[in-house]
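Below you'll find the structure I mean.
As written, the chains take the letters A, B and C, and residue 1 is the first residue of each chain.
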Amino acid sequence: MLSINAQTVTLFGRRVSRRRLGELSLLIFMLPALILVIAFVIVPAVWAILISFTNQSLLGPNARNFSFIGIENYLKLFNDPGFWNSLGTSFVFVFGSAFLGQFVIGFTLALLLKQAGVASRGLIGGSVLLAWVIPEIVAVYIWGSVLSFQSGSANQVLLALGMEKQRWLIDTPLLSIIIVNIWRGTAFTMLLFSSALEAIPDTLYDAAAVDGASRWERFRHITLPLIRYTILLDFILITMGTFSVFGIVFAMTGGGPLGRSEIIGVYIYRNAFEYREIGYGSAASVVMLIINLTLALVYLRFTRVKWTVEG
Amino acid sequence: MKKSSSPLAVRLSEYAFYLPVLVFFFGPISWLLLASINSDPSSAWQIPVEVTLNNYVQLITESDLLLWMGNSMTLAIGTMAVTVVLSTLAAYPLSRVPFPGKAVFMYALLLARVMPITAVIIPIFSLAVQLSLVNTFAGAILILSAMQLPISLWIMKNFVDSIPVELEESAWLDGCNRLTGLIRIVFPLMSPGVAVTGLFAFLAAWGDFLIPLIILRSPNTFPIAMGLYRAFGDQGSVNFGFLTALSVLYSVPSIALYLFARQYLVKGMTAGGVKM
Amino acid sequence: MKTVKLILALLLVVIPLTVPVLAQDAATLTVSFPGDPRSETVNALIEGFIAMKADQGQPVNIVINEPTEGYGDQLLLDFGAGVGPDVFSISAETIPEYVASDLIMPLDDLVAAWDEWDNFPQGMKDMPSMNGSVYAIMYNTDTRVLFYRSDVLEAAGITLPFAPTSWEEIFAAAEQIKANVPDVIPMEVESGTIWGEGTTMDGFFMLFRGANGNFLDPEDGKWIVESPALLDAFSFYERMFGEGYSAAEPFMEPEPWVFWLQEGLANGDVGMAVVVNVVWGLYAPEGPWAIENRDEVLSWTPMPAREPGAGINGLDYVSMGGGWGWAISNATENAELAWEFVQYMTSADAITTYTAGVGGIPSRLDAAVDDPHVAAIVEQVMPYQSFRPLSADYTRVSEQIQIATEKIMLGEATAQEAMEQFAAAVEGIVGADNVKRLPLD
C-alpha cells in the first residue's frame, strides 16, 4: 500500500512526489472541522432529503411505520397553490429584504463607516448591530410596538406628519415583514464587508490618490475588484439566510392575513410541525435547496468570479 | 493613518444617509430602552412618567440572571473557540492544497446549511441522543459550532486566499518548513478573518434559542435566551419590565465584543505588515 | 512522525463523542411538563412524591423536563428520537393524535381498580377518553365566561348587573357602548389565526355551542361541515365586525392578547370580552395584569346561548372546558411506578395544592376550593361545560375555523361564503366520505 524511496512515494499504487505528500498531509487539519460538519450539517441534510421521499409524520400512524412513496410528496407540492404562493412571496421577500435592503444598506454603511470617526461608528454601527443581536422574541415585541394600528409609533409619526394611519399588518403585510427583516439582517452584510474592506491596504488608495483618481474611480478600480469574492459570498449567504427566515415572520404575521405574507420558511414549518407531515415539509425544503443552488450559480456568472478552487 | 478630507457636499450627503439609517435602526430599539426604565412599561412607545432602575434591580436580585449569563457565556465562548480553532486549521489546506472535488465540497457545505432548521432538527436531535450529548454544554457547543462552521470555513478560506504565497515561500527559503511557515507567517495574517468569524460565532451562539431549547434540559443550564421566557406567564401575559431590561443586558456583551473586534480587525492588518 | 501523532490526537478527541448511551437505572422515572408558570408548584409536588417513596423504602430518581416554551414540539422530538418521558402532562385535545401514534397508554384497567376515580366528575372522565378508553387523568380544567367592565357599561347606560340571556342582548349592549362611550371598543371575541387555538376554543366554540352546534355526528362519526349552527356562529362574527362592535386590526398584530386583555380590559378600553376564567386571578391587584379596584370594575356572567334554550342539549348558557392531564407513555418500562406517580399527582391534596399555586379549576369534586371566584364558577358555570371534539384531525380543522373567522373579520367573506370555504377545506383534510352537510333552514 505504501512504499517510500528518495523523491517519490507510492501510495495506493500511484506515484506521488514527496512535496505533494507533504501537502496532502496538511489535509489532516481539515479533519476536526470536517467531522463536526458531516455529523451535524451534512448528515441531517441528507437525512432530510431521504425523508422527503417518505410519508413520515411526527404523530399518528405514519410516525413509526412510514414508507417510501417516491416522488408523491413532490407531486402534491407542485399541485398545492399554497406552495406556489409561498414561493412567490419568498422571492419578493428575498429580493426586497436581502438585495434592496440588507445588501445596499449594509454595503454602503461598511464603505462609509470605514472612513467615519469613532462616534459615528459606535452609534450607527452599534444600532445596526443591536437590531441583529436582540433576541427574536423581543424583536417581535419591538416591531409590534412600531406597527400597531391603534398605538404604534409608525402611525403616530404618520399622524404627526398629517397623514392617515396605515393598517400595516393587514394591507401591507409583505412590505412590513420585508422592513422588519432589513432591520434585522443588515448587520451581517455590514460586518462582512467591514472586514473585507479592512483587509485592503491603505497604500493602494494612497497611490491611486497620488495618480489623481477620483473617489468613484478608486472604488471602481481598487475596491470593487478586490471584494468581488466577498460580494459573491454575501449574495449567497444572505439569499440562503433570507430564504430560510421563519421565526420572526411566523411571530409577526403568522404568514397572514390569508397567506399574503406566507414565505416558504413558514410554509415548511406549518406542514412539518403544525400538520406533523415531516416528509412533506422536507420535500418543500429540498425544493428550496435546489432554488438556492440555482441562484448561487447565477450569482457566479453575475459577479464574474472565476471559480477555481485550486489554491 | 492619513485621512483625506472630503468636500463638504460629500460629507453632507453622508450625514443625509446616516440620519434616516439611525432613525430606522435605533428608533424601534428606543422602545426597549425607554420601557426598561419605565415604572409602568407597556407595549406602546412612551416617555416614562416615572423613571426607575427597578426593573434592572429586580433582575439581579430576584431572577437567575447571573446563572443565565454564565451559561450563555459558556456557550458563546465555547462555540467561538471551537469554531475559530477548527476553521483556522481547516482554512489553510482548503485554500492551498488542491484536491479533487473541492469546489463541490465547498458548495455542499453552504447548501447543506440552507436546509431549514425545521427539516433538520429531528436528525440533529436524534444524533445528539445517540452520542449522549443531550443536557451537556459540550453537546450544545458542538452543534452550534457545526452550524457555524460552513460560513466560517468560507470566510477563513477567503482570507488565506488573499495572503500571497510568496510570503510563505520566502519563509521556506529562510529555513521554515511548511508547518512553521504556517504558524509564523499565515496565522498572524489571518487575524481579521479570526476576528470576524469569532464575532459571528459568538453572536450566533449567544443569540441562539433553539439548540439550547432541545439540548439543555435542566433549568440550571438555561442560557439567557431561555431565561427571557420567564417574562411570559399565563394566558400570554408579558412582564414588560423584565423583558425589556433583560433584553438590554442581553445585548451589552454583543455590542462590547463588536467594538472590541473592530479594533482588532484594524490592528490585525497593520500588525501583520502587509505591503503590496 | 508528526502526522501520525496528529491523527492519534484527533482520534482521542473524537472517540469519546461516540460512547453509546448508558442504560438508565431501573427506579428512574422521566417526567415532562410545561414549566413556568407552573414550575414551582409542580416541582414541589414531585418532591413530595420522592419523599413519600423514600419513606416506603423505595428510593426513586425523577428526571424532570420542563421547557418553558415549545413544550408540544419538544415532546414530539423526544418521542421521535426514542427518548420520550415515562409520564407527561398533556392538553386534552391532543390526546387523539398521541393515541393514533400508539404513544400513550390506555388506563382503563388501572382506573377500574382505583377507588378514587369516582371523585372525578363525568366531564373530567370524558375529556381524556377516546373510543371508550381513558388516556389521561385530568389535574386541572378551565372554563370560559363573558367578562365586562361595569364602569364602562354603567357609563353607557346599561343596567347592572349585566346578565344577558341572548346574543341579541349582548349586541344591544355593544350598540349602547358604541354610541355612548366612543373611546371604548365595545367587545372582544377571539378571532383570526394569530390567536391560534384561542380563537377556536374561547371564541368560536362559545358561539357554536350556543347555537346547538356539533361537529362530529354521533351516529356515523362524520364531520358536519355545514349547519345552521355554524352559520349562526359565523354570522355573529360578521355582525360584530360589520357593525364596528369590535376592531379587526389588533387581532392581526403579533400579540393580540396583550392589546385586548393585558392592556385593553385592564385599562377599561374594552367593554366586554369572552375569556377563560383564569384571567380573574391575573387581574387581581397584586397580579400581573393588576386592576387596582378589580372587584368594583370587573365582573363576569355566564355566556348566554343564542336564545334561552338554544344552546347545546337545550341549555340556556354555554361554556367550553379544556384542561391538562397526566398520561403514561406506552413505551415505559416502569408502568407501575408511573401509575403511582400519576395517582399521587392527581390526589385530592395534590390538586388542591396545584389549584392554589397555579390557578384554574380543580378536576376533582373533593379538592378544596378556597377562592370564592373559583367556587362561584364551579357552581354557576360548570354545569354548562362542553368540550372540543376528540379527533386526530381536530388541530387542522381548528385551523380552518380560525381562517374562516379571519376572512369574515377582514371583510373578505360573508358568513355564508366563509362556511362554504370552510366546508371545502375540511373536506380536503378528512376526505369527502367523512363529511356531511346539514340543510340550512
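Heads up, the rule we're going with is that contacts are C-beta pairs under 8 Å (C-beta built on N, C-alpha and C of every residue); 3 or more make two chains touch, one makes a residue touch a chain.
Everything numeric in this text was worked out from a predicted model, so none of it was measured.
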Co-neighbours of chain C and chain A - touch as defined: B
Chain pair whose interface holds the most contacting C-beta pairs: A-B
Inter-chain centre distance, chain A versus chain C - centres from mean C-alpha coordinates, in Å: 37
Averaged-CA centre spacing for the pair chain C and chain B, given as whole angstrom: 39
Length of the line joining the C-alpha centres of chain A and chain B, rounded to whole Å: 15
Shared interface positions of chain B, touching two or more other chains: 43, 122, 142, 229, 238
Residue list for chain A, restricted to those that touch at least two other chains: 32, 141, 143-144, 148, 273
Set of chain C residues in contact with two or more other chains: 80, 255, 258-259
Of chain C, residues touching chain B in the complex: 2, 17-22, 35-37, 39, 64-70, 74, 77, 80-83, 255, 257-259, 261-263, 276, 278-279, 282, 288-289, 358-359
Chain B to chain A touching residues, read off their complex: 1-4, 6, 10, 14, 17-18, 21-22, 24-29, 31-32, 43-45, 82, 86-87, 89-90, 92-99, 102-103, 106-120, 122-124, 127, 142-143, 145-147, 149-151, 153-155, 158-159, 161-162, 178, 192-193, 195-196, 199-200, 203, 206-207, 209, 225, 228-229, 238, 240, 243-244, 247, 250-251, 254-255, 258-259, 262, 265-266, 269, 274-276
Contact set on chain B toward chain C in their complex: 42-43, 121-122, 125-126, 129-134, 142, 179, 213-214, 217-219, 226, 229-230, 232-239
Residue numbers on chain A that touch chain C, as the complex places them: 25, 28, 31-32, 35, 58-61, 63-64, 140-141, 143-144, 147-150, 167, 169-170, 251-254, 256-258, 273-276
List of chain A residues in touch with chain B within their complex: 22-24, 26-27, 29-30, 32-34, 36-37, 39-48, 51, 105, 108-109, 112, 115-116, 120-138, 141-146, 148, 151-153, 156, 183, 186, 188, 191-192, 194-195, 198-199, 201-204, 206, 209, 215, 229-230, 233, 236-237, 240, 243-244, 246, 265, 268-269, 272-273, 278, 281-282, 285, 288-289, 292-293, 296, 307-311
